[in-house]
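Each structure below appears as structure tokens.
Next, two complexes with chain A in common: one pairs it with chain B, the other with chain C.
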Partner chain A sequence: MAEVVFELLHLELVSRLRAGGEAGAGEPERGKCISTLEGMGFRAGQGLIERFTKESPSFKDELDVMKFICKEFWTNLFRKQIDNLRTNHQGTYVLQDNRFRLLTPISNGKQYLEEAPKFLAFTCGLLRGALSNLGIDSAVTAEVSALPACKFHIVIQAS
Partner chain B sequence: MSRQSSKRPEKPKIVRSVLFSPCLYRVLRLQNWSRKWFLHHLRMLFRGIELFVLTYGTVVAQLCKDYENDEDINKELNKMGQNIGSRLVEDFLARSSITQCRNFRETADVIAKVAFKMYLGVTARVTFWTLAGDDCSIFLEKNPLMDYAEVPNKHSSLLYSNMICGILRGALKMVRLQVDVQLLQDTGKDNKITEIRMRLLRRRKVALAVAKQNE
Partner chain C sequence: MAEVVFELLHLELVSRLRAGGEAGAGEPERGKCISTLEGMGFRAGQGLIERFTKESPSFKDELDVMKFICKEFWTNLFRKQIDNLRTNHQGTYVLQDNRFRLLTPISNGKQYLEEAPKFLAFTCGLLRGALSNLGIDSAVTAEVSALPACKFHIVIQAS
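Presenting the complex of A and B:
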């Protein structure tokens, strides 16, 4: 039941983002706000992955990590698994969620498509933070073509 | 609150009935597969709170960066809480099917025993009622928001859990009760308990416009 409170808190953060963006300048201000939200997600993700992997054994390889993210991590956060995981086996992964929980209240189709990135910034940060605490540096972006389905693109940065 | 659940009730009802009533014997009477499903979902449910608690922590941390003054941070938390509370109350009423409370005492009891349990997983205690019955203290022995948080000394007047006060205020406003909610004590280095003081200011009358139309 606490997911409802999280969803409402997330909604509140996104709506504050809008208010801040309109008052200031155009694109640069809004970009800064979105990256702030992503940064918050990053810190939350770092903390969460610590709690979730306390008892589990260490991961064999990168693919194992991604499978954990798609199954257990996503289930603990959004009560469902990632629907589709694709990879090119060279460090790029695409996670597809056909009914992303934070997008389902917004619309069902193409309406509000331009607003969707704001609702995905926090989750991109969550993924990046989780991977970071598992020792994987990555860049996470999201792509939406029709709500509530969305894809998260994770590109592992070679260190 | 009692729920009559049949031998094979719909899945959500099992979870709610066990959470809100002490009839745990019902769990033992379930078939093995149902019990496994129930326990699995119970574990998943209480995981949800971690996401909220950690997100809340990042929100407060970000506000500490954005604002210099502790008072401003407290006000901002309160404002955010009011927006959240005004929506949360609808979810609460839909899930709990509470009937209308007859007085403020009942309202406070419902908040402490049902609402806090539902959303934070802890039960609160309501005490220190004034004679008029419009002012009370809600005590939280365990504040889940503070589980992973530590407030540094330089933010000595920061009310970390102030969003809860905002949520209560926003939610009660939607049911036409104007209340003043203050966080008196917060769990931290010196305190072991969270105390929220809730005072009923007035009940808002509805449909004044309708009355004027009828005149």
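Presenting the complex of A and C:
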């Protein structure tokens, strides 16, 4: 049930913040709403991974970290694994979820497609925060073509 | 882990909203912050109980509902039961949690005591929303004397 309260709280948060970032509102407001959600996700991701990896073995390499994110991390938060993980072996990873749970509230019609970025910003931050705490700096963006499927693009930043 | 993300998200939410309701700010701002959190909790509570009681047997009476809230509902959200339930058998219930999880972030010092209402407003709403969806109108307030213990007072509204 905690998963459900997480989903409901996330929905409340998005609804509340989007009031300031409606389609009618200017680009600056929409950007601010998204960056607020991303920042909240970032801090939550840091806290989460800290507690979650306390008793985990250390990771072999970057790919090992990504596999952990796709399986354990994702399953615990979203009750399913990432469906597909791809990498170019040069620091770019694409995580595909064919039925992303946080998109469920807007998955009933195509008209919501432009709302999608607001529903993904928190999770982009979550990924960036989790990786950051494992010593990996990254840029994370999301891509949606057909709801409720989506892809998260992670680009590792050279340090 | 979903419990943890719920706690972290709740903390983010409180931090964000309290910026508008600092001790320095006037009473109206503090009241607004608390009522926003309460409202978000209310809607989350309605959604939660709806999914959570889908396959549950119906309840015998009001006390039966309260016992369910103290055990199943609380355990699923906060990883422990309510420690003590009291009632005057006239529509007032007092739920005591001796170690309330959402108060953990401010349980390191007495100086935070006046911050406590902001950390409890969401849960007051959660209770009111859950009860409301089960057909029980109520007023819910919280009381803290020694962190992280707290009491939730539920007063049933005659219909």
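Just so we're on the same page, the second predicted complex is superposed on the first by the 152 of 159 C-alpha atoms of A that agree within 3 Å, B and C clash if a C-alpha of one lies under 4 Å from a C-alpha of the other, contacts with A are read in each partner's own complex, and residues count from 1 in each chain.
Here is the rule we use: contacts are C-beta pairs under 8 Å (C-beta built on N, C-alpha and C of every residue); 3 or more make two chains touch, one makes a residue touch a chain.
Note that this is a predicted model, so its numbers are computed, not measured.
Chain B and chain C, once both complexes are superposed via chain A, clash. When both complexes are overlaid on chain A, the residue A:Ala139 reaches neither chain B nor chain C. In the superposed model, A:Ala44 makes contact with both chain B and chain C. Ranked by how many residues of chain A each touches, chain B and chain C are led by B.
In the overlay built on the shared chain, the residue A:Leu63 is in contact with neither chain B nor chain C.
In the superposition on chain A, A:His10 makes contact with both chain B and chain C. For the contact definition in use here, the residues of chain A common to its chain B contact set and its chain C contact set are 1-6, 8-10, 12-13, 16, 36, 40, 43-44, 47-48, 51-52, 76-77. The residues of chain A lying in touch with chain B in their complex are 1-6, 8-13, 15-16, 36, 39-41, 43-44, 47-48, 51-52, 75-77, 79, 122. Against chain A, the residues of chain C that register as touching in their complex are 1-6, 8-10, 12-13, 16, 36, 40, 43-44, 47-48, 51-52, 73, 76-77. Interface residues of chain B, counted against chain A in their complex, comprise 44-45, 47-52, 54-59, 61-62, 80, 83-84, 87-88, 91, 95, 118-121, 148.
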